[in-house]
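Report on one structure; see the data block that follows.
Letters A, B, C and D name the chains as they come in the text, with residue numbers starting at 1 for each one.
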Amino acid sequence: MSEFEESGIGEECGVFGCVAAGEWPTQLEVAKVLTLGLVALQHRGQESAGIVTSNGVNPPTYNTLKGMGLVNNAFPPENLLKLRYGNLGIGHTRYSTTGISELQNCQPFVVDTLHGKIAVAHNGELVNAAALRKKVMRHGVGLSTSSDSELITQLLALTPPMEELDAPDWVARIKNLMHETPTSYSLLVMYTDVIYAIRDPYGNRPLSIGRLVPISKLHTAGAGEGETEGWVVSSESCSFQSIGARYYREVMPGEIVQISKHGVKSLSIVPRPEGDLPAFCIFEYVYFARPDSIFEGQMVYTVRQRCGRQLAIEAPTEADVVSTVPESATPAALGYAQQSGLPYVEVLCKNRYVGRTFIQPNTRLRQLGVAKKFGALTDNFTGKRVVLVDDSIVRGNTISPIIKLLKEAGATEVHIRVASPPIRFPCYMGINIPTKEELIANRPEFEDIAGYIGATSVRYLSVEGLLSAVQGGIPPLQGKDERINTKASRSVGHCTACLTGKYPVELEW
Amino acid sequence: MSEFEESGIGEECGVFGCVAAGEWPTQLEVAKVLTLGLVALQHRGQESAGIVTSNGVNPPTYNTLKGMGLVNNAFPPENLLKLRYGNLGIGHTRYSTTGISELQNCQPFVVDTLHGKIAVAHNGELVNAAALRKKVMRHGVGLSTSSDSELITQLLALTPPMEELDAPDWVARIKNLMHETPTSYSLLVMYTDVIYAIRDPYGNRPLSIGRLVPISKLHTAGAGEGETEGWVVSSESCSFQSIGARYYREVMPGEIVQISKHGVKSLSIVPRPEGDLPAFCIFEYVYFARPDSIFEGQMVYTVRQRCGRQLAIEAPTEADVVSTVPESATPAALGYAQQSGLPYVEVLCKNRYVGRTFIQPNTRLRQLGVAKKFGALTDNFTGKRVVLVDDSIVRGNTISPIIKLLKEAGATEVHIRVASPPIRFPCYMGINIPTKEELIANRPEFEDIAGYIGATSVRYLSVEGLLSAVQGGIPPLQGKDERINTKASRSVGHCTACLTGKYPVELEW
Amino acid sequence: MSEFEESGIGEECGVFGCVAAGEWPTQLEVAKVLTLGLVALQHRGQESAGIVTSNGVNPPTYNTLKGMGLVNNAFPPENLLKLRYGNLGIGHTRYSTTGISELQNCQPFVVDTLHGKIAVAHNGELVNAAALRKKVMRHGVGLSTSSDSELITQLLALTPPMEELDAPDWVARIKNLMHETPTSYSLLVMYTDVIYAIRDPYGNRPLSIGRLVPISKLHTAGAGEGETEGWVVSSESCSFQSIGARYYREVMPGEIVQISKHGVKSLSIVPRPEGDLPAFCIFEYVYFARPDSIFEGQMVYTVRQRCGRQLAIEAPTEADVVSTVPESATPAALGYAQQSGLPYVEVLCKNRYVGRTFIQPNTRLRQLGVAKKFGALTDNFTGKRVVLVDDSIVRGNTISPIIKLLKEAGATEVHIRVASPPIRFPCYMGINIPTKEELIANRPEFEDIAGYIGATSVRYLSVEGLLSAVQGGIPPLQGKDERINTKASRSVGHCTACLTGKYPVELEW
Amino acid sequence: MSEFEESGIGEECGVFGCVAAGEWPTQLEVAKVLTLGLVALQHRGQESAGIVTSNGVNPPTYNTLKGMGLVNNAFPPENLLKLRYGNLGIGHTRYSTTGISELQNCQPFVVDTLHGKIAVAHNGELVNAAALRKKVMRHGVGLSTSSDSELITQLLALTPPMEELDAPDWVARIKNLMHETPTSYSLLVMYTDVIYAIRDPYGNRPLSIGRLVPISKLHTAGAGEGETEGWVVSSESCSFQSIGARYYREVMPGEIVQISKHGVKSLSIVPRPEGDLPAFCIFEYVYFARPDSIFEGQMVYTVRQRCGRQLAIEAPTEADVVSTVPESATPAALGYAQQSGLPYVEVLCKNRYVGRTFIQPNTRLRQLGVAKKFGALTDNFTGKRVVLVDDSIVRGNTISPIIKLLKEAGATEVHIRVASPPIRFPCYMGINIPTKEELIANRPEFEDIAGYIGATSVRYLSVEGLLSAVQGGIPPLQGKDERINTKASRSVGHCTACLTGKYPVELEW
């Protein structure tokens, strides 16, 4: 368990789109594909969910379904019925960053324009949102929500002014938008019969394309283009398995991809300012993404394992066993064990129901802290020196009771090894990080962090070590030929702003 | 029971506003006043309800509460808490005209502008909404709902373009809006610390102002201005009693009234085109309003009673008893009885729970029709000739089973007397009337309506008779000195478009 | 509005049963008939509702549906589906007397016995419940609820001990039960393919039988026995109209009636102790029953009207108009007007939504009291002397604000006339009456009740007057030939315990 | 993931009790302890939950809270308030075995007896329930549910007949009950101020006692008896950590333990028939219990690991990696890896949200089967021979799509190793096992199970191997000094009926 989970730190959202291939009306049941796709992105946002489908004819009929909570609560089966005639659609699962959770902030955002409706789903945060809001409002537009998504739709509708005669040039409008705001956004824009899939020039947020093939041919090489049943586009490729899609490729930083029943077409790549590197969020690897997702040609699980190995190289430990704080730190812990040669054991058993308890603990129970979520598997560590690998430490107040639990249950030493560097700076690109003052790495206690949290020792992965693990620079394990995707679209730059304070773009305040 | 009730015909909405007088923060609990005010307007809309409060400082904090269904379902007490610091606010109760009922159409509509937020609540329907939507969208604005209220807020924000330096001249913007669209709207616009209460130049929808005084002085003459606790503004004055407010006056057709903690101030009256009369919806008298509301200086109940009396003059009947289809037709039935000298009795007992039954009737039960909602009070009419007064007949298929019930239970004759003229034309100003083809008055069956519905005879009130009842032209009852409000703001024109096809403004299609 | 309504005083419950006639399986959709029948009895209990159906074969399948709240909330349509194969069934709508409302107290109560399941629905309260509970428990039976219904089922199962060989003699068991407890109960007991309908020997609670005929023949004389589609049994006959049944007859005090697909059969009449009169609850006439129900051959509405007339005879008033506190007092008010010759007008308009408001009123709003539920129809009474008829006064604290409202709105005099005698004593037979101390008639204020409640004068109907109105002893109105059912099963005794303290049976404490 | 999880096979329930020590009223907030205790037992039943508290005085006030679904849904915080004065209480979490899930079957079951109320919570299934029901009903008792718990309460109340004078001898009654029915039950009976904790003579279901100590002394040796804050009793000791209790001891087979504010006292041990061994359900070790629970002095996790090791001894494999079907099979997989020396890797990533999807899959999505719940961690197994350890195979239709997924994703061989023997027989002691026909081990396909499910090979643990793993008979790992609890209450007999058809007691049909 990462402290991220405990602290409610999270992603801004997940986006998912689907277009049925071939002749319409389709048998694909696009609304079901969207729903299952969003369920697979549920870890990116649990506050609310929404989908909008279009029948794809001109003028189109759009149907919208939104609701609070998990996808399965938000979309009661009877309500899904009204979307059953969609031939394409986009969806969104939202993470609440403000604390105020209201249905009206639920995406996708749909607006009617002179030439019909557009729908927008957005993952990320516009670094210059405040200035853009002012610009739009100076134009006389009133904004009914505080969301970037409404702002994006109004920007798309506004510039340049629409002419009644000709259909709007959406690609030109999208390019305009991309010039107005450098980052961060992975965006789906649906108009009538097409979905535009867009990643900002820095590629800060992920976006991947998949191809729906007959289930019987899902994993075989033989399913040719002619057998394509549809196209999907998703924040993470982990969603492809659950709907029967094959991984196709990532949308590139700055790219505008058009997805229609005729297929996938790259329309343009909006460049970064000269000299700027891509800035894909490195915490997608460290914590946010599901381990079976693929970014830049590599599996997230494998990167996490490499982080653990690199950590073992940087911070070796005299100990008896290696273990994990379940569940997110497990790949790193296994990597640490592999590299160090120490045996991997489980020391904690997590009660998966306890997190949802509403009851107000009394003083007595509050003292138990996060430890009440775990049972100690004492046989595995009593009388032993334990290396406990976690993926990150944010405030430092959740690992502490776990260490206490292990020690009291018989561990002779507890060495904390963190598979990422200390977080020290805020994120302005969509991740909800505590204030600088709350971050343990900025507080005096950090000087003696081991003492503060009660560990025998504490060591973090270095920034260089993390980059090297992410960018493939660490040597393969002896006798292990790690499988590296040769078609890797690996970029050579990553955003490490929360670790280093070096932001990909200049921030104006 | 009017057929309006049975057919789901209804008003577009009710609006309600409240400003606490005197020093702020106030003890008035504005959110509670708004809630109770909306409960009293519940008959004008049961689909959804919303309120927005402002704390009235600059910049203000707005709090919004919206929900589906009746006011009491829409506003759970725990949610009301977050609005408790409001010093002023506006509310809205919505009637679904489209069949699609979604929270996002719920009013008031709030938008952020260059100079802060405005909130708008609207009763009515803009006759030129389609043209105005196009105009706004040509400007580059995307509209996220199909509601007139969003259109109004965008129009208010858009024209003229806002300057960053000076606060906007809202009154000028409201006048602009009123020149763009002639009718129909009764509108509340809240900005920071003030509510603007506006009625369209034709006065098509009602709007009244009340004064909150200490409860102990509610009905006494003595509560001077100095004892004012706040001001309220409401679609109907019937809401004043339930919150402890005194009737103050109506907003006049075309008037813009500013309501603040300093009091009520008339800012302007936008005139109608020369020669045009006011066009207050005559069906507010006939059916929509609650009988204890006051319009144009007269109580709705009394007007309905006069309709019954006029009907007795126009359509006298040889019969034994007069009765009503409960409950809305009762004043007219009592008026008919008074004028005719026939005894008034009750012949039907209504089961007030049956209307909410969800179960799908089988063939057997469907044959019972609306009659299953009524019990026959046979002792009162067996062997007798009954005059049954109803307030209106729309499709003609609900009165028929009632007549059958009475006849089979022993009535020797059933004479239907309708206290309004036949409805023949659609309404474009906010009332949800069936299509022309569905209206019984436009169908061949109307030729022999008595035969069609099984009545001994059927007679309607004439248009002239209705106007005369509404406008006070019928002679008082012998020995009855009817109390006419001397300060009556009675206009000399009413909209009878649904009866005559004469619309107050030219309609462009 | 009776103060009963305001005070939450109410009936113990309503019961309803239905057996399809002819060959089974039936097309009748018994579960729908039961549901609609319970909706028509909703005024007798709104806390919870339940139905149990049987397919009628041996051994039978019983299906149960229970839920909290109004019938329509308690029985979602999808849940009704599982009862669709029932050929007979019983239902219950419950009034909460304890304040604790739990699903487990919801009836009907079903228990499994050596010879299969019985289901019981009960209206009333056993006067010797405490002693009977002890008896059952001494036998070793644990009781899982505090309801009389469970007690009744266990008594039916217990005595005499069951033999495995022969089917139980239910009639003998029912007789045993009736000898154990004199009153009060109207009871439905379902076993496999038959419903037993039972009224206690004093006939304290009502129970009527109806016959389902083809809808087309509902009100014609022609539907012979051969056309019977089913039989229904109900606390009140008002439910018959809404399901298409004809009134057949009442179950007599002490009678056990067997209802099966073969028809209705009287099995036995358990006699009262010699000298005892029947004791049908007189408040069923005064307040509880729906006005279109028939008891003892007379319509409740007509009895209430007679109460009003008798009141006019006993307590004539010098006044200008007569009116009602809507809605339950209207028949009495119309009766008072008829007898006195004074004109009947409406003075109050009730907001039917206000009762359901959950919000906590503040001090200001609390002062408005019950008056906030009413609008004053001032035109009808300003400057006039008003006789205001109410059906009963219990605590005296609801009529007071209404009088204040009328006076402040311009009534020169307000004379309260109550169409029933003062309530002074508790009820032990199923009516939830406040404690003796709370009853206004037992408090010092009663000496000067007019002064206390602010009325010009207050007069009650006498006990003799009430009995005379109920028992038909008052002279018909001049020129009015009141229709008295010649087949009247009118009993000669009524329970007036709450008015006189004379209980039908001796109570042991 | 065990197929048990996928198939909805499960335990009958979990029980939990708590008594505050020392002076009453207590600060312990017993209702909160009960709630958290039940949350920790949630894996034993998710259908409904209930708790009953007693204030412990004579006569006591009992408060009950029940609800459908998970504990956190069943007990809204506002409802918990009404239980806040409890000094002791028992709770229950229920697993639906019948498919019909109704609130009335929710436990604990409370009945009123001649000497006051008793409450009963039960885990298990009475093997002779049918005969006992008949016996009770022959006595004249009607049973209102089909649950064993009601039956148990009525048996406790019934025999011997209660005397009014003296308080009942509950211990004698419990012994009577235990003589009437040999197994299976772990039972909590609450009466006024005491909880009786009972395990059937065969000890078929688990029951453990814990001691609440100050949190600060939870894991230290120093908290003496004097510092006891309360006592808890639970189906599994895993619940102790989350409420701050220390493991105390198990209730022994046949033991009746009295728990009061004065402490824990063993009252009696009802013996088994001579020659019979205990029969603790072996599937508690294999699948049902949480891995951090302790039975018979050993941790479940460790037993599962031993099963994996024994499996590696019995069924060694030529392969490259060992992995698990997450999550329940992980201890066995790690044991297999340890014993075999093969590296342990993760091959599957489970989407924990997918299980709650309500939407009806279309044909396309249905083909994906259970595989849509998993993402393949391809880097870890492509080109490799995989040993996949699962804990059990029931119907054989869930492992098959997982094998397909792995093979298609690049595994060259997939060897299934099952850490328990094939299930062949039904359970009559509380586990919901499919019919004999559905069990793969009884079907012809079992002959070629590897071919049927698509595996390279399939091997099961032998019954002897399982017993040896459970009873500690397998040799420790080289160099590993496994920690065996010296105070082990290890019984020498286990119920393996579902594997061998040898039932602990003779079953009469």
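In the analysis below, a residue touches a chain if its C-beta (ideal position, glycine included) is under 8 Å from a C-beta of that chain, and two chains touch if they have at least 3 such contacts.
No experiment lies behind these values; they were computed from the predicted model shown.
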| item | value |
| --- | --- |
| Smallest number of contact steps required from chain A to reach chain C | 2 |
| Separation of mean Cα positions, chain C and chain B [Å, integer] | 37 |
| Between chain D and chain B, distance of the C-alpha-averaged centres to the nearest whole Å | 62 |
| CA centroid of chain A to CA centroid of chain B, Å | 50 |
| Contacts with 2+ other chains: residues of chain D | none |
| Which pairs of chains touch, using the document's own definition | A-B, A-D, B-C, C-D |
| Chain C contact footprint on chain D (complex, rising order) | 103-104, 109-114, 118, 133-134, 137-144, 146, 150, 153-154, 156-159, 161-162, 164 |
| Complex interface listing, chain C residues touching chain B | 28-29, 32, 35-36, 39-40, 42-43, 70-72, 75-77, 80, 215-216, 218-220, 229, 238, 241-244, 290-293, 299, 301-302, 330-331, 334, 338, 343-346, 349, 351-354, 356-362, 364-365, 367-368, 371-380, 382-383, 405, 408-409, 482-483 |
